[in-house]
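Heads up, there are several structures right after this.
Note that subunit A is present in both complexes that follow, paired respectively with subunit B and with subunit C.
Presenting the complex of A and B:
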């Protein structure tokens, strides 16, 4: 037992020397996560503001202008042009000069004054469904507000200066966790999970295939070292590196981007540790199974980058995926880690709420590590 | 010159043979890209629908129950649970059982009948700002529609003397993608990302590998010229890239049915141009990397921006201005607009000129730098 521990320690020391000697990989490994987090923290924003809009105003009255100006004042729309001709507006959608077109009919003001129902048309470029959805939602809400105030005015004209009970139902919204609705607060904790998943898998995926390609594998095979000891030694060395990454990205997230860290830092660290075991283990698994570094590295990039961005719930809700794929997502460690980072950062929840995620992470980490050790034993 | 072409052809033949023998690598080049596309097309939905609502109905009257039923009947909201008191709201939002809690106050029915305004409280999990904003807009609209109906109801009860109240209806039409299907947005985009990614990684690794296992010296001592070596190394992957474009088109025709309204010829021509730029990036990466691990880390550094900053998932116009300048250096940015334009809008060269020029210029620029660095490495 004691001897086994000293062999593990020897491997750990050897790997640390490797890491220290390859200065460039070391710098990339430590700085890349931080650089990525900063770039994407700024770049990836799903706040939809200043949506470009073209106005086709056939009514040209005070009322129609008031409608248009409430679009502008909302801050969500920016007018990039006006035209009299419908065909021109279509052309602007084709060219991508604008994303939306608001068409106000000739009878708009007259219908409002008479107390009739009037229609405005809102054309949205649907090629980006998310933005289109948000734009349509905003337009509905703005037009709804204008309609309510039209009702008030119409009642006031009829001698009810302070109409009672209008509107009958009034919605009061209170936003939790992310009070200003900054998309950064949602995206940064998610990005932390993605970036760590990819960096960790990349760090280890080259190591064993690399030993094989350089021919040092025979030396290891000839030594009394066991598969488990080798794996633990390698993981130990790289987890030191990855732990530095964890601390750095959390610091950047909190201090640079001002994402509130409401929950327990200890919980976040423990969860990160378990998550890193899974991610580093995945890299080792590829490294042990694939014959060349080339294949191991490609496999690691393709199998961590795409799934952890697409299937982890980072941006696309897991609930709206087909059920087969929902089952598939349960195998992705980033999925659980993301719930944990978001929970700890934004909601400030603790062990009591997050234990199912932590348990699943631990289970996955154990399975992946066992798989890596077995795959390696067969090669040795 | 002819001898040069012969050598290039020989080299291509060698690369193809080497690829064919590498059983583990082949699926990553030929099968994984299509699998990824299927994943993008099937798995991902950007629809903000079926938001989970917890209802806290303190009135439990006929009116309040009708409202709840109507809310649950809309495609935007699913009633996930019923709460007995507001105290349970916190826990519900905390563990994510629901992202919205709607509180219908006691006395709702009585107040409405008496013609007073009723405040409905909504507690919203704002973590995901996008769905939260959309949810807010839908809920506001829901209340407005309900209000309009109630006012109409009151008017009828007040007798014919009362005049009708005005309303404005928004008729929203979604162009190019009337059903707002996510696949229409993501499939053309995913094609661009996937072919670019595999071309860059494959080229970079193929060259660095040769250096790492030492066979590059053998190539250097042959009469082969650097540019011939570069052509020989990249042409096979250009072929793989164009093959993947065809596979994506086939998968689209068979499964996703995203309309391809424009010219296929233009699509292939611009794909070839974009592939050349991706191969050149791979070449460039290979010249600055000693080991395959360095190469993959560096390539990865180029590829992540393609995913997140090119407009593939997040609109460029929402980014801060300095970052928007950075995106002008990404070939993928232009290629995305081109491919989406050809697929969805059916536009041609005239409309796409603004995108084709920068793409061509960038490709040329990256190629020149790559060639220059490649020469330096070999000499």
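Presenting the complex of A and C:
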């Protein structure tokens, strides 16, 4: 209908003027994604590199130095000190100057040469369990490799080519999709969902409550505008702003952080569009329901941003959540969108693989929008 | 056919009856004033007539359309201006008008022309590109009126349009209203300002949800003020008001400036009694004269129930 289009267009144009003149919205729309990219791109990294290590080398032989240097060459450890005294090393662990201590006993080289069992001690600061686990894992792997090659060498010297006790299976791991196991590659595609959810919640939540606080809602209510038209006009305007954010994150993600974008950009944009409808709809729903901009904002943030970060699989794997929570996550739009962005960015998969996620996302968006329009109608 | 007609209109909020069987009709081209104290139900009534609120009982027909049956149609036919300034402060005058032109579905090719017309009418040409937030209250009122008129409604509903506006701006505003009424627009306006009430061609007085009087301002004064009014000038008039009100034969006394408007049952008797009693209470009576009733006298008398014998 022509009149309906005219009314929707009027709302859209008005909202764009609001956005243009409201520095708060603009700052949220531009600075927020950039800040999040910096925080998550640099700050939050689950890669454990350059773990501080103190070496207590009581052996002082070529072999012991070789062991220490293979720790350093792995790139995972960085030596911050060396000492002769065990108590000193422990003190450094207490003070936090180091997170790990490698202790090589005097008998290390001798036992190795004889093919006897030898021990090295590895102390880890367990107060941060994630880093501690990773560090311990790396240390075991490094020591294991050194031991294996030492045994091979010593046996070869004695002319025994086929050693027993040395495992004949050699695992060659090949990592798919995120070959270098960079956590940035995992985080940034997911970040698109967080940024969209956040922008949508912050921008839309104030808009209906704001019209009511300023008294303009009364004027709209007295006009022939329909709830659906008002909603679509507002969503249209905020979508344009959010779409600019999507492009910004994709550009910064691929060019600055070097995240590979292997799939279809079109698919990514379409999925972003559907996800936006859900996020904006949720913001508007709260804005229509709450009396003031303040409460609407709080409700929108709690209902969109927080679940999008915690329950979407963005950082914490859904499969390791309690089953009740797992069921709850099926209602979080970001959960599906997260699979789509990662699939498109890292795996390069397309519609054929991702259609279940796209369908669920569309379903949730439709339900949320219908709810928002209903909540609106009662206010008009 | 009346432009607005309501019969036995009732609106209850829970156990509170805001509008209690109100019936009246407004002829086309009238400037119909709805007069009553705050909380008397006048805003509720016009919100029902604007299609914003559904009545609990009764019927209201606006421009031939039943408000309960088709509120959306009613909304297209009226121009509505609420108590609070309700346009967008961060939009310019023109942008606000363009917005409402779009909302009321004025065809694109006609829009600019129409906006030009209302800007001219409301004398807003000089502030066309100024943000509404930067305008004075008086100009904002004219802008709100221009927005309410953008779709050429045949009925204009105004809820206390000039509260907080200086007298000069108020005069300009009312000149606009009268021009539209002359062109056949029906105007329904709520007010508790006596200036505005005097400017109406018809008045209805509402108190506690009930319509208590109806008529032109001059009729109302005759009808509702059957008693003469004496203007008493004396020393310490503020204290004298209380004293006067208790005298036998005095129905009410209110302070107007330095003079006390005293509603009395009989002019001679009352004058005699006042000259006798006031000096006893230490007030020097300087002057007593008979004055014609003003609308304010009527309004106060009705609001306080003095008219009821």
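Methods note: the second predicted complex is superposed on the first by the 351 of 380 C-alpha atoms of A that agree within 3 Å, B and C clash if a C-alpha of one lies under 4 Å from a C-alpha of the other, contacts with A are read in each partner's own complex, and residues count from 1 in each chain.
Note that in this section contacts are C-beta pairs under 8 Å (C-beta built on N, C-alpha and C of every residue); 3 or more make two chains touch, one makes a residue touch a chain.
Please read these numbers as outputs of a predicted model, since none were measured by experiment.
Q: On subunit A, do subunit B and subunit C fit together or clash when superposed?
A: fit
Q: In the overlaid three-chain picture, which partner chain does A:10 touch, first (subunit B) or second (subunit C), both, or neither?
A: second
Q: Going by the contact rule set out at the top, does A:32 touch subunit B (first), subunit C (second), both, or neither?
A: first
Q: Which angle, as a multiple of 10 degrees, do subunit B and subunit C span at the CA centre of subunit A?
A: In the superposed arrangement it comes to 90 degrees.
Q: In the overlaid three-chain picture, which partner chain does A:202 touch, first (subunit B) or second (subunit C), both, or neither?
A: Touch status of A:202: first partner only.
Q: Please determine whether it is subunit B or subunit C that touches the greater number of subunit A residues.
A: B
Q: Looking at A:132, would you say it contacts subunit B, subunit C, both, or neither? Reply first, second, both or neither.
A: A:132 sits against subunit B, while subunit C stays out of touch.
Q: Pick one for A:223: touches subunit B only (first), subunit C only (second), both, or neither.
A: In the superposed model, A:223 contacts subunit C only, not subunit B.
Q: Quick one: is A:298 in contact with subunit B, with subunit C, with both, or with neither? Answer first, second, both or neither.
A: first
Q: With both complexes placed on chain A, how many Å separate the closest C-alpha atoms of subunit B and subunit C?
A: 12
Q: Could you list which residues of subunit A make contact with subunit B in one structure and with subunit C in the other?
A: Residues 22 of subunit A touch both subunit B and subunit C.
Q: Using the touch definition up top, name the residues of subunit A that touch subunit B in the complex.
A: These residues of subunit A touch subunit B: 22, 24-25, 28-29, 32, 36, 39-40, 42-50, 52, 67, 93-96, 111-134, 136-141, 143-144, 146-148, 150-151, 154-155, 158, 164-179, 181-183, 185-186, 198, 202, 206, 210, 213, 290-295, 297-302, 305-307, 309-311, 315-317, 319-322, 325, 339, 342-343, 346-347, 349, 353.
Q: Where on subunit C is subunit A touching in the complex?
A: Listed in rising order, the residues are 50-52, 72, 75-76, 78, 80, 82, 84-91, 95, 98-106, 108, 147.
Q: Okay, in this complex, where on subunit B does subunit A touch?
A: 22, 24-25, 28, 32, 36, 39-40, 42-50, 52, 93-96, 112, 114-134, 136-141, 143-144, 146-148, 150-151, 154, 163-178, 180-182, 184-185, 201-202, 205-206, 209, 212-213, 291-294, 296-298, 300-301, 303-305, 307-309, 313-315, 317-320, 323, 327, 337, 340-341, 344-345, 347, 351
Q: Give the list of subunit A residues in touch with subunit C in this complex.
A: 2-3, 6-7, 9-11, 13-14, 17-18, 21-22, 214-216, 218-225
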